[in-house]
Amino acid sequence: GTKEEGQDAEKEKDSKKTDAVFKIGAIPDQNAADLNRSMGELADYLSKETGFQVEYVPSVDYAALVTAFERGEIQLAWFGGLTGVQARSLVPEAEAIAQRPMDKEFHSVYIANSETAITKLEDVKGKSFTFGSESSTSGHLMPRYFMEQAGISPDKDLNGAPNFSGSHDKTYKLVESGAFQAGALNEQVWKSAIDEKLVDTNKVKVIHTTPAYFDYNWTINDVSEKFGNDAKDKVKQALLSINGEQEEIMSLFGSDSFIETNNDNYKAIEEVAKELKIIK
Amino acid sequence: MKKTLSYPKKKRSFTFVTFSVLSVFCLLAASWGYIFIAENASFFGLFTEENYLFAKKFLSSLAGIGDNDPAFTNKESWIHALKLTYETLQMSVMAAGFATVTALLTVIPADRNVADGTLTLSKRWYRWILFWIIRGIYVFSRAIPELVWAMVIVFILKPGILPGALALALHNFGILGKLFAEIIEDIDMKPIRNLASSGASNAQILFYGVIPAVMPKFLTYILYRWEVIMRTSIIVGFVGAGGLGQQFKLSMSFFNYTDITLILICYLILVAIADAISEGFRRAAR
Amino acid sequence: MSESIIKMNNIAKHFERKIALSSLSFIINKGEHIALIGPSGAGKSTLLNILAGITNADSGEYLLDGKSIVNYQKRNIRSRKIGVIRQQFDLIASLPVIQNVLAGKLGEWGFFKSLISLLFPIEKETAARALNQVGLLDKMYEQTSRLSGGEQQRVALARLLVQNPEVILADEPVASLDPARAEDILSLMTELVKDKKQTLIVSLHSVEYAKKYFSRIIALRDGEIFFDLPSEHVTDSLLANLYALKGEAKDG
Amino acid sequence: MGKFLYFLTYYKKSLLTLLLILIFVWSLFSVQWNADLLHPGGGVTTKQIFQALLAPDLSPEILILALESTWITLVYAVAGMSIAIILAFFFGILASGVLSTSRFNLFAVSGFFRGILGFTRAIHELVWAWLFVAAIGLSPFAAVFALGIPYGGILGKIFADMLNDIPEEPIKALETAGASKLQTLLYGYLPLVRANIISYVMYRFECSVRSSAIMSFVGLGGLGYQIQLSLSDLQYDEVWTFLFFLIALVVLIDAWSNLLRKRMVL
Amino acid sequence: MSESIIKMNNIAKHFERKIALSSLSFIINKGEHIALIGPSGAGKSTLLNILAGITNADSGEYLLDGKSIVNYQKRNIRSRKIGVIRQQFDLIASLPVIQNVLAGKLGEWGFFKSLISLLFPIEKETAARALNQVGLLDKMYEQTSRLSGGEQQRVALARLLVQNPEVILADEPVASLDPARAEDILSLMTELVKDKKQTLIVSLHSVEYAKKYFSRIIALRDGEIFFDLPSEHVTDSLLANLYALKGEAKDG
């Protein structure tokens, strides 16, 4: 019964002698309203499972979330590949603990407005183009990397400097409205937009999909001091035990479960970022 | 002569001024109360060792300690930053220019003394309508911060100097328009009436009476606003409207602290130059 | 030669509840020199403004050169009849002297002529002649604000010379000058005006000057004519009555 | 040569104005003026934005949210201004040098404090905000200090200038009546600048409301935060609702300060 | 009773290249009433400022009550010896009348007393008595800026009554008032001063008033004493010479 669980949670809290709030955050790469709702529910779920008082802290900016994480104001954060690397280099004790199955083989898609004659990646030369946030892996880092691999320099070969829309949702909306002729975004956001009919596929089309790379992950801060030595494992277990039952939460993530991951999976991203001189 | 005088009692009445003073105190109490109670902010909580360490770490990163190639000792970074500085300067001048031109074009009907006919010494019914419309536009454009204008304009124009300049101009257009209108409203009417009595027409009054009287003040305000625009130019860049600000935002996202320092140095130089130039112009115009 | 140029009939004027002028009537002939005196708030400035056509009277009739003042609505026509001079505040301080003098021509010039003249003064000759007459030829291109009070008053006089109206009105033209300069301006003014047979109406605070430079004195008090006499008939007891206090508290 | 100098002084103002116009024209050359400036889809977006302007989102949730954010914006502005006024009062008096007794003091002290005021206002409040957030975290005090410091600089400078511009006769008169420096401050300087400084503070208060609104761009709450969220979802109708609340707040303060200026006797 | 209170010996003062006063010497006895006249720029204000200790002379000796003026550096000590009154701009227009009057006490009060008095006027009695003497008792709590020019001049006088110095200096105290009000102030001033045997030194533009209200006249011209005579010995030809122009062009 729920009542018993509640009491258990109470007891556990007492035994830890902690009234500190366990704060979680997420990079604001999608529709803010959806993010607020799902993350709020995730926070409730984690409270129940771990006995901590979990709270979601919204953030308006990728870099702001990384800074808050660095300052210890956020205990657990849903980062992209690049922001995760940034965060873990600022907080050496931090650890990537979980990711979605799809994050092992993540893709970005390049999209174009249907009224343009763009059909393949090479065609975006001379067109107006928008990335997502400059800190995004799937919205900026990897698309930029693969464009350069294809011989297109985003800073020179496009029509004007590339724009940074700030989020994946905004990217496809801007391309759909015609504000930009082409753009790049996270494949998962794109797919769920199509599923939920948020985007009109008569107006936007996919022109290219990148090869696979590691992306999003849950990174946990150094929490042992405030929440006990077993806190990290508890949170990890809670995340990994999410299954089809928590549909509401997982709909945002476009998946039905999380799997284990570790810091080493993200070495490749770090290399790419260094190559593109985005981190030193 | 030690006779006591019956002197008048001080009269106390509840005026608008007393009302304002009371409202200010209520607002102050409510605001600080809200910050301390509802937002549960603790002032002394700021002075923790943790905060000290972060502040120290942050400042030493800015100073480039532990960075073997800080941007401000790197020639290439300087060249790039100076190019952006130059762009920012152009952006601010363009913004001030646009704002001035549009404000000058609209200011005459936006004066109360034109609308009620005291300046022109003649009345027209439609002048009040025009007055309220233009004043409304001024309020609208100045109430919206530059940054918000910039966020909207980058949807319409490609990233670069122009959207930044336009965003700054849109905001300052309202401010300059209001200031200009107030200057003309405060104009000394005696010389104007005298011009009228020596037979000048409305247009002649404008050129011989109004413009010479207000021009020095207009110039002062334009230069003063230009200084402010200079300071604000970095802000519109945050949302992609070009110049130093855009680079500032990117460096922040990539945690390139020394790059940020370099940009801040350029920014301060720019502001100092703007102050000096505008002060010089004001002196010369005196 | 007692041809009348100004006729005032029952002129009245009030501001909100304050009566500034109540039912004034008088006639002024061409070429007369008249001083207007009276205590503060007597209505001198108000009367001069009505004479100049700057303010309209509430009631009464005002004939200028035989025609009602309403026939002089067009400023450039009126400016050939009537010119006004006050204290130095009347000049555009930020313009050079020459422009302030040439402003006396605006009534004759069209729009473009006056615009061009603002950059490249035309009719310099006229301005120079007038400035010479008031002894300021060397300050022609000076900024007006840099001139002393007495000099500014002369510039205003030069503008009037250029404008050359039939009637000249002056409201306390020497109030802020020291005695020597005040007398200098007054004598210059009456001198210049005599040459052209212009009519001169001047308000003054100093009875001394009024008697010395003007042939006829009109005294106002509380918006009414207190007396209207040739200067030599104005006695000290009349003057004492004119300025008698009604208790300081009432003024201001 | 003499003639040239003459020309220069006579046309000084016209020449300066011309120079300013030329500088403006120079700045125009930094942009390639062609249709390329517009996004291919810029027209469409403009239309959407204007349509939203005519039909702002007036649903109750949005209105309540807007009201709440307006309050937070106002709170930060008021708190920031109160810090600014305290800073400006002390620094302004010191920077004006009206209390200095010797010439050396005057230059050293007022120079020093003018320098401080100059530095604090040279940096835009949003940059201060970012510096504070990085240093002390996302505390409301970051927003309050970020507003208070540059505004203190601006107000302090104006305050100092006003004190310096006071006609010296009334002050001299007080001094001959035996008043000390501090007493001339109480009975002379402060009453003389009171009306001007209050109306300037009111004007700056209006500006601080706008600044407080954009503080959210470093993650501090208020109207700007909501505007940013709505913009990132391309909900232009919500954006306009929030903007109208901001405009209303500004207009209200403007009206208040106008009334106050009229009622306040010098 | 010809005990001297002011002794000036070869006092000189110049501003940049302009010589404002050159080598002035005179003695003033306790209780004398002196008018200072002379054309614009003669140095009247400069002399009064030196007398008041506001300006320091470049050279020469100034003894106040037998001691050199350098002994009066402390303002509150000096303020018991010397008080100054000028035109209305000497008052703080934004304060109520009573505060402006009580400012005459600042030399006696400490900082906190004056701070408190700004909120809750102390020594109301003193202020009321002084205001009563100048006939302004009913305007005690009025804003000073709302008073007329003549009334403001009386407030300044009331401040002096409160300050109660031995010597009273006044620089053109009636320049901007109309004749009736001007005479009113001058007679009030000389009256009040007589009661307390105070010394009075007043600069004036009007020779008429100087003769009427003062027993001794010191005339300045170009920074030198032109004459220093009892009023009845001042002749019209002396005055004509005093104010004679040297050509307008030189002033400014």
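For reference, chains read A, B, C, D and E in written order, and residue numbers begin at 1 within each chain.
Note that a residue touches a chain if its C-beta (ideal position, glycine included) is under 8 Å from a C-beta of that chain, and two chains touch if they have at least 3 such contacts.
As the structure is a computational prediction, the values presented were derived from the model and not from experiment.
Listed here as common contacts of subunit B and subunit E: C, D. Comparing the centres of all chains, each the average of its CA atoms, the largest separation from subunit C belongs to A.
Mean C-alpha position of subunit A lies 82 Å from that of subunit E.
Centre-to-centre separation of subunit C and subunit E, using mean CA positions: 35 Å. Centre-to-centre separation between subunit C and subunit D, using Cα means, comes to 47 Å.
Mean C-alpha positions place subunit A and subunit C at a centre distance of 82 Å. Across the assembly, subunit E contributes 138, 146 as residues in contact with two or more other chains. For subunit A, the set of residues that touch two or more other chains comprises 71, 128, 159-160, 174, 179. Looking at subunit B, residues 54, 155-156, 158, 160, 215-216, 252 sit in touch with two or more other chains. On subunit D, the positions that touch subunit A within their shared complex are 36, 39-42, 44-45, 48, 133-134, 137-138, 216-219, 225, 228-229, 232-234. By the touch rule above, subunit E contacts subunit C in their complex via residues 39-40, 135, 138, 146-151, 154, 178-181, 184, 205-208, 243-245, 248-249, 251-252. Of all residues in subunit A, those touching subunit D in their complex are 28, 31-33, 59-61, 64, 67-68, 71, 73, 113, 128, 159-160, 166-167, 169-170, 173-174, 177-181.
Contact residues of subunit B toward subunit D in the complex are 15-17, 20, 27-28, 30-32, 34-35, 39, 41, 43, 45-46, 51, 54-55, 58-59, 87, 90-91, 93-94, 96-97, 100, 139-140, 142-145, 147-148, 151-152, 155-158, 160-162, 215-216, 219, 222, 231-232, 234-235, 238, 252, 264, 267-268, 271-272, 275, 281, 284-285. Listed in rising order, the residues of subunit C touching subunit B in the complex are 52-54, 75-80, 82-84, 86, 89-95, 99, 103-104, 106-109, 111, 114-115, 118, 159, 163.
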